[in-house]
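Presented sequentially are two complexes of subunit A, the first with subunit B as partner and the second with subunit C.
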Partner chain A sequence: MKKLFKHREILLVVIIAIMIAGFATRAQGFAAPGNLANIFNDTSILIILALGQMTVILTKSIDLSVAANLAFTGMAVAMTDAAYPGLPLVLLVVMAIGIGAFLGAINGYLVWALQIPSIVVTLGTLTIYRGMAFVLSGGAWVNAHQMTPTFLNIPRMPLLGLPMLSWIAVAIVIGGWFVMNRLPFGRATYASGGNPTAAVYAGIDVGRTLFFAFVLSGALAGLCGYLWVSRYAVAYVDVAIGFELDTVAACVIGGISIAGGIGSVAGAVLGALFLGVIKNALPVIGISPFAQMAISGIVIILAVVFNARAERRVGRIILRNRAAVEVQA
Partner chain B sequence: MSDVTNTKRVIPDRLGTKASRILASWEVLLFAVAVAIFVFNALASPYFLDVWNLSDATFNFTEKAMIAFAMALLVIAGEIDLSVAAIIALASTAMGGAAQMGIGTAGLVAIGLGVGLACGAVNGLLVSGLKLPSIVVTIGTMSLFRGISYIVLGDQAYGKYPESFAFFGQGYVVWAFSFEFVLFAALAIVFAILLHATNFGRQIFVIGNNEFAARFSGIPVERVKFILFLLTGLMSGVAAVCLTSRLGSTRPSIAQGWELEVVTMVVLGGISILGGAGTIGGVVIAAFVMGLVTFGLGLLNVPGIVMSIFVGLLLIITIAVPIIGRRIREMR
Partner chain C sequence: MKLARKLMIGVALAVVAMTNAANAKDMKIALVVKSLGNGFFEAANKGAQEAAKDLGGVQIIYTGPTTTTAEGQIEVINSLIAQGVDAIAISANDPDAVVPALKKAAQRGIKVISWDSAVAKEGRIMHLNPSSNELIGKMCLTLAKDHLEGGKGDFAILSATTTSTNQNTWIAEMKKQLKDFPGLNLVTTVYGDDLADKSYREAQGLLTSQPNVKVIVAPTTVGVLAASQAVKDAGKIGQVYVTGLGLPSEMAGAIKSGATKEFAIWNPIDLGYTATQIAYHIAKGDADGKPGSGIKAGRMGLIKIGENGEAAMADPFVYDAKNIDQFSKIF
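Entry: the complex of A and B
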């Protein structure tokens, strides 16, 4: 099995490389290091969100409220910065992560304690959080001139040739890899999604693992709330609308099974980069940006078909055979 | 509360009288909520109890409810379709394009329904043909269908529909009963019969309760699911005809976010999101509840996005309350 997953990630790397090479023949300079760095920076937020989404999907759940969480947190942070320009940025970032984690905890609590299916919970909180962003701001925008220069500049500050935003994403990818592969929590998420019954027997608190997966997803969404508002230098209610689907798409493309328990950090990152390359290539090779939605749709469907074929080998066949034997007996 | 209740609890399989069961059912509870909201609205706004206002209010839910009927069957069978709003967008775009080319009303309706059916067939083939999880598939097709509308329309819009086309969304059959409301009522009856009085309906319940057992009972599970996706696509097409006719124009962002409201309506109507249980009657009452809430809030000048907070809360609370209730009963 492990070989197969390695395969998926290598496959994605090859596909992304071929895509970049292909686009480079149409548009000079697409494969230049500077442009690739731009694409990575552009995809940073999606990468961070996809890692949170991955944690949740690994536990057999889904978090559709990430984009709404991002919008609410971004609005809250931007308004705080506009109202109290004296506050240090660290405090605002902590606030963003805190609000995000709290909103994630609400999702997690409803899924854990009340055992409501996560898709229903997060469909509900998706509208509630975005509605709250409207209530908070009264529909008004927070524009660049109202934000403090530090608030706007830190993510753009170059360090060793890459903006801070990219470095934050790199740090979170490394942290995510460490958490998923080296900490009990990471192993618990795989176990909870892969086989909940066995996980319980192994002494894992499945509900608690789920809860913390949602908290993590929420905290990352909160952080992205600040990053998004700062990067685009504007906060309004409809910020990142529909972006939750991109995060799910990145995970599905990266080979993370929607049935839980299967997937890797590298997969999620590559899935996000795949979407990022397409998004940046469309205008360059002269395809209308309006086509992006349909293309992501097709990519999601193809990825699901592909995933299903890769996963359909273990459980189901055994189950069918055993049932057949029982019927004969 | 003493020994009497204790001795009664000794018999675990007693269900109580039929009347008490009916009184405690989800539909009756929901109906009480609907009446309460109606009374509250009537007291809160002097404009509420006007026949034509109420008639206008039905437009808030009729189109969504048409889809919700089909979605209810799908959810009972253990699947879901998140692409319904995107199907509306694509069907509406197709009708708009056809209207631009001068195709008449009958042709437009056929195109709208046809696109709905075709989209439903795509979902059905992917889910029951290739055995893929419906949540992800329909998230993908949702992006695809609406994406096609965006490719066709971009930031443009279609107007210029034939005059007779306006009847579906704006016409009245008798007095204050709009065409949409009559269609909604007729479809409610058709779907109630389909779900509660036919073999096909029983098969849906069996699949939702135990797909494995359904297979062994000789139920063509994949075929039933495929038909349900077709039906949901078709109803989205019907809703697209009504909505396009009512608005008189098509933008690619038409019906944005409706999938959420349709799912809310279904769940609020007492359909188990895990499949296997629910009634069409519940969905009908849920449609009225949601229509009354949004209309009442509208009369009180509450902006649409704030209403969506109420819809979201309604969704979570209606699912949470019975679960908490069951917990409390188990604790005693």
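Entry: the complex of A and C
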């Protein structure tokens, strides 16, 4: 089974490489190292969010509130920076992660303690968090000239040829790999999503694992709140609207099963990069903007279809009936 | 002393409460915007409040959907009909989709006008353009020319969504008047959907795929801001300029970084003010808003209504490094 996984991720790498080569024939310099670095940097935020989303999806849940969490945290951090320009950036980043984790914990608590399906909980909190961003700001924007230069410049500071933003993503990918593959929490998420009953027998607290998955996703969304606001140098209520669907799409393309228990960090990263390449290619290859949205959609559906077929071949659960009930729940 | 002061406040409050009760029949004017949380419309609301104060006995209901959708506006209109407002002044997300809801409002005796982004003719009494579309198109081209050496060279347009009414009208005007600007060459038009990340990516795409483009004209505030940031991040300040329509408070950073030398916008406060004045006079019945007539709009003077029931407020105003500090504090 492991071999198949490896195979799948290699396949995705090949597809991305073919895509880049194809786009390069239509847009000169698309495959140039500088442009690829740009694409990676542009996709960094999506990669980080997709990793959080992956953790949640692995436990057979979904977090639709990530983009709203990002918007609220970004707004809160930007407003704090504008109001108290003397605060050190480290404190602001810690604050962003803290707020994000707290918002994630609310999701986690509702799913864990009240046993409400995660799609319902996060659909609700999605609206609440964005509404809170609105209440917090009163609809006003925080603009570039109100933020401090450090706040704006750190993520774009180049280090060994790549901006800090890219390095942050790299660090989180490595950290994510470590957590998912080497720590008890990582194994617990796979177990709770793959076969909750067996997980309970193995002594794993499924609810608790779920809770912490949401906290992790929230914390990463909070961090992205700062990164987003700093990257686009503006904070307003509609920031990253609809972005939660991109994170889910990245996971699905990356082979993370919506039914839980299957998926890898590499898959999520590649899924995000896949979307990133398309998003960055569409403006330069001269496709009518009217067709762009349809094309993105078709590509995602193709990936999902492919994914569903791959999953069927694997045949992953032995206790079919029990599993079917769980999926519906 | 303290007691006396408290009593005074108490009496004052009571008086205020009573006058409020007496004004229960205030005229209710709804200012429906494309979406809440947009600095431009917040400023327009400021103007509307100012007009309400000038006129007296007017209550402004500032409302709109949270995202720029026609569906959201239809819901808002329906709830305004239920509240029984006297007039609706709307900046539409779609010229046609909101017409049935607005017709319903008109049947209930609500006077409907549109401002900023127009509603189709059958859905409103008149439309207030912030400026005339010709003037805006000309302004955008003048801005592009001013940023190009010798006024000659390639430029590209970064717009909002492909269906945005006002964006498309302005782009059409720019194309029409291009012949008056020899040497200016429009290379392409791209769409950033008024999303910061997509606009940024589209601007980045222009920088790589159209190396001849020296000026990006974005007649939308999210677009002009994102493009300025993209130019700055690409280290192309001084080689590629961004200009267009944006709010001074949002553009201050771009002016300071040098990505933009000058940009233009009409005054949204004046726009909200004028729309409220017009809505008031039509709802009161001392103006009918028919083509060829004129409506007095307080400090903005007489607004003449032209063909199709459309009126133009004023010329767009140019902002640059000299006056940005002053205006960025206002809106």
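The criterion applied here is as follows: the second predicted complex is superposed on the first by the 305 of 329 C-alpha atoms of A that agree within 3 Å, B and C clash if a C-alpha of one lies under 4 Å from a C-alpha of the other, contacts with A are read in each partner's own complex, and residues count from 1 in each chain.
To be clear about the criterion, contacts are C-beta pairs under 8 Å (C-beta built on N, C-alpha and C of every residue); 3 or more make two chains touch, one makes a residue touch a chain.
Predicted model only: the values in this text are computed from it and were never measured.
Asks: Putting subunit B and subunit C on the same copy of subunit A, do they fit or clash?
Replies: By the criteria stated at the top, subunit C and subunit B clash after superposition.
Asks: After the superposition on A, what does A:R156 contact: first (subunit B), second (subunit C), both or neither?
Replies: Only subunit C; A:R156 stays clear of subunit B.
Asks: With the two complexes superposed on chain A, say which partner A:V252 touches: subunit B (first), subunit C (second), both, or neither.
Replies: first
Asks: Output check: A:V234 vs subunit B and subunit C. Expected answer is one of first, second, both, neither. What do you get?
Replies: second
Asks: Examine A:D42 and indicate which partner it touches, taking first as subunit B and second as subunit C; both and neither are also allowed.
Replies: After superposing on A, A:D42 lies in contact with subunit C but is clear of subunit B.
Asks: Under the stated touch criterion, which partner chain does A:T125 make contact with: subunit B (first), subunit C (second), both, or neither?
Replies: first
Asks: May I ask you to decide whether A:V284 touches subunit B, subunit C, both, or neither, giving the answer as first, second, both or neither?
Replies: second
Asks: Is A:A27 touching anything from subunit B or subunit C once the two structures are fitted on A? First, second, both or neither.
Replies: second
Asks: Which of the two partners, first being subunit B and second being subunit C, lies in contact with A:A140: first, second, both, or neither?
Replies: In the superposition, A:A140 contacts subunit C only.
Asks: Name the residues of subunit A shared by its contacts with subunit B and its contacts with subunit C.
Replies: 130-131, 134, 139, 237, 290
Asks: What residues of subunit A sit close enough to touch subunit C in their complex?
Replies: Answer in residue numbers: 27-30, 35, 38, 42, 130-131, 134, 137, 139-141, 143-145, 156, 228, 232-234, 236-241, 243, 279-280, 282-286, 289-290.
Asks: Quick one: which bits of subunit A touch subunit B in the complex? Just the residue numbers, please.
Replies: Of all residues in subunit A, those touching subunit B are 62, 110, 114-117, 119-121, 123-128, 130-132, 134-135, 139, 237, 245, 248-249, 252, 258-259, 288, 290-298, 300-301, 304-305, 308, 323, 327.
Asks: Using the touch definition up top, name the residues of subunit B that touch subunit A in the complex.
Replies: 80, 126, 130-133, 135-137, 139-148, 150-151, 154-155, 212, 216, 252, 257, 260, 263-264, 267, 273-274, 303, 305-306, 308-309, 311-313, 315-316, 319-320, 323-324
Asks: Hey, which residues of subunit C end up touching subunit A in the complex?
Replies: Those in contact with subunit A are residues 35-39, 42, 66-67, 162, 190-191, 195-198, 200-202, 204-206, 208-209, 225-226, 229, 233, 249-250, 252-254, 256-257, 328.
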